[in-house]
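Each structure below is given as structure tokens.
Shared between the two complexes below is subunit A, which pairs with subunit B and subunit C, respectively.
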Partner chain A sequence: MIRPMTLPFIVLGLATFALVAWYSRVVGMQLGNPAIVTGYTLFVLMILLGLFNMRKRLSMVPVGRSSLWLAFHVVAGVLAIAMFWLHTGALWPTGLYEQVLAALFYLVSITGIFGYLILRALPRRLTQTGIEVIYERIPAELGEIRDKVEALTLECTEKTGSDTVAQHYIGTLNWFFRRPRFGFSHIVGGDAAGHWLRGPGSAARRYLNDVEKGYFDQILELGTLKTQIDRHYACQDLMKKWLLLHVPLSISVILLSVWHLLLVNVYAL
Partner chain B sequence: MARPQRWSTPFGEEMTDGDVESLLKRPDIAAIEADNFPKHTPLSGVLRNDTRIVRYRSGDIVVREGDYGNSAFLVMNGSLRVVLAPELPQNLLGRQVAREKGFFEALAQLWTNSRVPEVRDISRYESQGLRGGVDSANARVFLQDVPAVLDEHRTAKLEDGALFGELAALGRVPRTATIFAEEDATLLEIRWQGLRELRKYDEGWRRMIDQRYRENALKAHLQESVMFSRLDEESLQAVADKVLFETYGSFDWNVAFQRQRQSGSGKEPIIARQGEYPDGVLMIRAGFARVSVKHGNGERTLTYLGAGNSFGLGELYSAWKNPDIQEMALHTSLSALGYVDILRVPAPVLEEHVFPFMEPPTSTTMDIAGTPVADDALMEWAVEERFVNATRAMVIDLERCVRCDDCVRACASTHGGNPRFRRHGRTFDNMMVANACMHCADPVCMIGCPTGAIHRSVEHGTVIINDITCIGCATCANSCPYSNIAMVAIRNQDGETITDPDSGKPIFKATKCDFCEGQPGGPACVRACPHDALKRVHFQELNPSETAQ
Partner chain C sequence: MITDPDRFKQDKSPYERPNFPYRCGRIGLWSKPCGRGPSSEGACGGVADCRPFLDNGRWSCRRSSRSGGVCEEGPKPDGTCSHQHPPCKPMLSLRGYRGRLTFLAAALVIALISAFAFYGGGASAISSVDPGQLSGGHENFTAKKGCATCHTPHGSDPVGWFKASWSPGSLSQACESCHAFSGPATAPHNEQFKSAGAQKATECTMCHTEHKGMGEKITQMSDSQCSACHEKQFKSFSQGHPNFSKDYPSRRRTAIAFDHTSHLTKHFENKRFVDKAPKDRCISCHNVTKASRNVPVRPFEESCARCHESQISKRELVLFTLPEFEENPFDMEAVGEACGPTAEAREAAGDQFADLTEKLANLASGGANPVAAAALQAELAALKGQLGFGELPDSGEEYESVSTETLPPTATFLLGLEDGEDVEAYSEPVRDLIMGTIENGHEALLAALKGRGDANTLLNDLSPELLRGIGCAWAGNVEYEAPTDAVSGGWFADALSLRYRPLRHADPVAKAWINLAAVGGEGVTDELRDMLLSRSEGPGACTKCHSVSQVAAKSEKLSIEWAFGGQSKQRHLNYSHGPHLNLLGPGASCQSCHKLNQKADYAAAFKQQDPLKFESNFNSIENETCTTCHAKGQVRQECTLCHEYHNGNKFKRRMTTTNAKH
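Our next item is the complex of A and B:
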């Protein structure tokens, strides 16, 4: 659903596109070069898009709410794609340099759209886990769970004199508890981790007596908790790391565009 | 281990039997009827355990206007001055003087913030007007030029035998005046528990305290209520003469609450019980109370009441309007959430002065009982967690929050590189109340600060800490029921931890969210959230049933 604060930007974006399209057509009819109009507009848009990253560093001064900047960033990003097509007149340009520039531009756009979608979808999924974990704390939380599981396994062995649970831990469960697992499934909303815990993870249960089952159920409960933390890890990790693609690619596009602009001004005009 | 008793922790460690003996010889104490005190709480025990003798040097500030305190003072010798008008400047009181940064000054934080957190310019502490060291019992802010203060401000003298601070201590309301020692003075400081016993068991003290309240504050409180706002002076006086004062719960409820949070159990003092006969309207003067109704095998919270709200009006009005109805009982129960100060206005007074001229109440709390339980689960949770105390809670919508920590970075960038909150806290459904100062309506953190470093900003009403006069005693951090105040070791500009030359231990300062006091544009955390997930809210805004009476 479109948030109310985005609507004025959408209207402004549509108006800008219509105006630039009309003006570039007028310039074309007057035997001018319409690509100059669309090219400069696109360049200004890219600079404005890049300013969003600068705004994040300027939180100490009142330069407008970040949410307004994001709404503008999203609309300007979509407008930039439309402007790019208007500028090139095709989906794929012909020159090698322009092809590199176009490829980077498409990558920035794709990562941007991808980022927008995951940022809308994943927070809800995290809330539904019922727990909240700070990303930087996740390794420590997983370590604590692993320690508890190992302590339970040892205690079970000492109390019952049977090493069935310990063997199952070494052979199977250790793989699960060692590090975050089933990341892709967590991101797409699957339950591969739960499925694994109920299947291979619980395979040893039929060989346990009641006392061992008590310990084993506690271990599985910790497994369920780990599944929730894994989900946080997978989703939070993706929500942070997509920017590692989007931001450097954006900078590359702006730098290549500057060079493109210089070449056009020196040789084409 | 033996069960801790009422006087396991005396107020003054240094009080001796000799001190008690000499106190009992003072005329104002000797006038107290010691025989009226029960065996388990004798007068000598109250003096021994609930009072302490405090000495002030000339210029020492004893209480500051606007501070919260849990004790009253009896002047034993020396003289003090009450500042009447104009008020003392904030800096003389040891408070932070708010000054909003300009755009470029705020921007300069981008490069002036140190790479290591909590760096302080030590030279700022040199002219701090503090004496008594870091011991919370002895640290004082003092006025350096008493004659100049006396010249420029109208003051009144307090001498041997004068009692002050009792209304703020019992009513949990801010102190109404600043008092300082004109010359070296010795005071008997009585903590609220002792004051409560003196008021309870000695007719003279009760009459004196109640009389002072009736004279100084009661009529103003009554007039704030819609019920009494239309009364003429004579009727208002008649009502004021009949009002009864009651307190419920513990003054230091934060301690019990923290224990209750850990153990998951605890009982709230019942003020009025469902089904009982209401003998008057209960007006909340300070604190919070829960309105509940029996539901299944438990109690369902319908709403909560804060200062200015009243309870039982609907039932009494209805009984007055329909005298034929035989059975008149309370539809709901009222219990204390922590400490509650109540004014009980007897029914006959209302029938004579209020009901004949009053519009019938349009809604009652029972209207809420008709809604599904799930509808008010949020409010039930907020009451249980005592978030109803919040005036600026940091609430994060977890379905919008992308966990990017832009809010944390924004906070750090406006606070010298160290954030003043943790993006972590209690959650309900999709809401998280983060560990950020909530700028409480009932700020228990402000009780007991020896230098008044933690105080309400005069300009904005936020609770802020003056770093210069904070002595790092951690009284506020230990009192905060929500663990929202952090003690940090401070560093010099080379990044080295500053240590006390005598003990060699690091010097700590209390830090917390100051709602970006002095920063242009309001709280940086809110402005920095790209998804509008973070809001600072008064909890009443999240409670649609709040308006019901």
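Our next item is the complex of A and C:
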């Protein structure tokens, strides 16, 4: 489903591509060099794509909503791929330097497409958890849950004089509450954490008396809550960390393109 | 905690700063971060819970409510917080990681570009200026100088690069250092078209793009590249190509005046010649094994000689005819000195003549003493009188010239005269020429032709004995008596004239005289031209078949087209008969395209000298003739199949020399 704010950019992108393709053909028909037209267009597109990162850094400057910039970034990115093929006339260029440039360009494109897809898919999954949590606060939330679970365990031991729950926490549950778990399962939409809680995590329940069960059920509830936070962490972490590849690759492509542009001007024009 | 609905109240919710480069190290242990957080330099800020404030001489706790509010212990007396913790090791935020990775990637790219900028000359090794492998032909000869072979800015300093990036490239000039054309290299088709307006300059790189790999055919052009300049736009050869010209493919008359219509329909059908007529029609005369743009005609000996060879030796050239004199122009004593006694006198003298000859030889070699020499001189004088040396005609006898002829145009040309009938004008030059031939053989004739044509060829094989014989006879006012041997060809003389009979087809002497008349120049009169280029008599009969054409419009200079074909000016046409003949099969298939035009007055074109005024033996070839096969979905039809862009594309000598060394 195309978002309404994206539609104008798609139309603009298609029009730009059609215009550049037509003009480069005209230039080619006049025995000019169409690669100059497509090359400079591609370079301008790269600069505009790079400005999105600047926009995020300068959030205080009123230069349009970030969602608009993202829509533009996505459309311009796809347009850049099409422009790249129009420029090179092939999927894979000749020449080592151009091949390095193309490889990095494809990597940037692939990471960009991957980022766009996870940004479309994962937030829905997070909404399904029913809670909202800020990514930076997740360690603190996990810490508080762990503190609560440990407090309940101690209280249970003091009140019942039995250390069954405490032993189970030390032997089994501590592993789960210490840090986020089952990240891959959360990303792909699995419920490995729920299965674990209902299986090994609840294994000691049959050995508990009623009072202990009351405490144990509270601990499991906190475990369920932690599972939801873990899902937030796994998904939000991925939605942030793909940029660790995308941004450095992008700056590499832009720098290589600048050198390529310089070489073209010095050697070929 | 997340279950707390008021967790975002201002006293519970700290302000998150994900754009800070560092985060509290406790986050790495998946526990609650301290309220103060690390500094921007990455130092731990959470060693103490708060920074106590001095209020009216007392230190008071300033711990925030998010960290538990004011503590019971309060600050120490020295103003330090009583809740001290071991410092954590702040960790990079995601933004921090991203910034570092970005910086690292940029630095790596710049470093690699700089390191490999010119490594290996950019030609063969790893290089950041390597745009791809050159095509096969260029790869080899650029190996030594690398990129600088074509790209002059390569290897220059930054200033040179800066200038190069703002100035037009010079790649075409680099191409011209090896490639040469018959016209301007950067003019379209290497030509200055008269009919076109202002022509735009072209660059080699407009059509030829390099660095696409060893196997790339950079000379292969697309139809759209041709369409770029041509005003007449069309879809393909079979769809919209302009009609061939009305006289295509013959832009001019043929070099050899061979009337296909009369030969094929009349002569070859004639019962008198039918046994000599070619049996295989076209390919009997046209050599299809050498078919290219033209299908060359077989040599005269293979195609024409059977019928026409006997006609050649009948065409004699009269070089000189003894003209009539009103009085004897010769000094008979000198003639006698030069020619010696007559044969009859020598026979009458018998042994005395041999003795005299011996004594004359002794005298000439100085073998006798002065007394003997004086005696010998006296005896010699007596003998000379006895043998008739220097005998003068009786002065009382009336002189009657043995000839009543006038000088032919060839003789007036030799003598540099305007008129061959003015006896007073020609007597003295004729006498000098004849005396010259007696004394010096054909040296006198060579001297007369000096600077006027190839004298050695004009007089090729002319015997000095023959010249002396006719000279002595004519100087003695008698007719020359030729040897009784039959003359099959070459130079010979009859009673009063010196003649040449062609030995064979393409006889060099006959060709030389005809060329002399055609080219014209000093001394070549209209009479001489008429005589030598006459199709009806003399050697000019060659021009019955070999057309005589003006060298240029309004020029009197003519040329004889001795060779077949190869004179078309359709430089950009690249047609080859070869593949067509292979496909269609030789022989009758020629007429698939070349259809006789039996109404054409083919012969009329050869009665004048403008080669462009003609009527071909064949109907013009039309587009439809070719589009029958060359059309979409059938046989190839791209522009370059028939047209060649460049005019006289060749390598300069320097290039071929370089190749030879390799």
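The working rule: the second predicted complex is superposed on the first by the 263 of 269 C-alpha atoms of A that agree within 3 Å, B and C clash if a C-alpha of one lies under 4 Å from a C-alpha of the other, contacts with A are read in each partner's own complex, and residues count from 1 in each chain.
What we mean here is this: a contact is a pair of C-beta atoms (placed from the backbone, for glycine too) under 8 Å apart; a residue touches a chain by one contact, two chains touch by 3 or more.
Please read all numbers here as calculations on a predicted model, not as lab measurements.
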| item | value |
| --- | --- |
| Partner chain in contact with A:8 - subunit B first, subunit C second, else both or neither | neither |
| First, second, both or neither for A:96, with subunit B first and subunit C second | second |
| Which superposed partner A:123 touches (first subunit B, second subunit C, both, neither) | first |
| Which of subunit B and subunit C A:61 touches, first, second, both or neither | first |
| First (subunit B), second (subunit C), both or neither touched by A:134 | both |
| Contacts of A:189 with subunit B and subunit C, given as first, second, both or neither | neither |
| Partner chain(s) touched by A:240 [first = subunit B, second = subunit C, both, neither] | both |
| Partner, of subunit C and subunit B, that touches more residues belonging to subunit A | C |
| Which of subunit B and subunit C A:69 touches, first, second, both or neither | first |
| Intersection of the subunit A residues that touch subunit B with those that touch subunit C | 57, 134-135, 240 |
| Residue ranges of subunit C in contact with subunit A within the complex | 1-3, 16, 18-19, 23, 26-28, 30-33, 94, 97-98, 101-102, 104-106, 108-110, 113, 126-133, 147, 151, 153-154, 161, 164-166, 168-169, 171, 202, 205-207, 211-213, 224-225, 227-229 |
| Residue ranges of subunit B touching subunit A (in the complex, touch as defined) | 103, 106-107, 109-110, 398-404, 406, 409-410, 413-414, 423-424, 427, 430, 432, 519-522, 524, 526-533 |
| Touching residues (chain side subunit A, partner subunit B) in the complex | 3, 5, 56-62, 64-67, 69-70, 119, 122-124, 126-127, 132, 134-135, 236, 239-240 |
| Sites on subunit A touched by subunit C in the complex | 28-33, 57, 93-98, 131, 133-137, 139-146, 148, 178-180, 225, 229, 240-241, 243-244, 247-249, 251-252, 255-256, 259, 262-263, 265-269 |
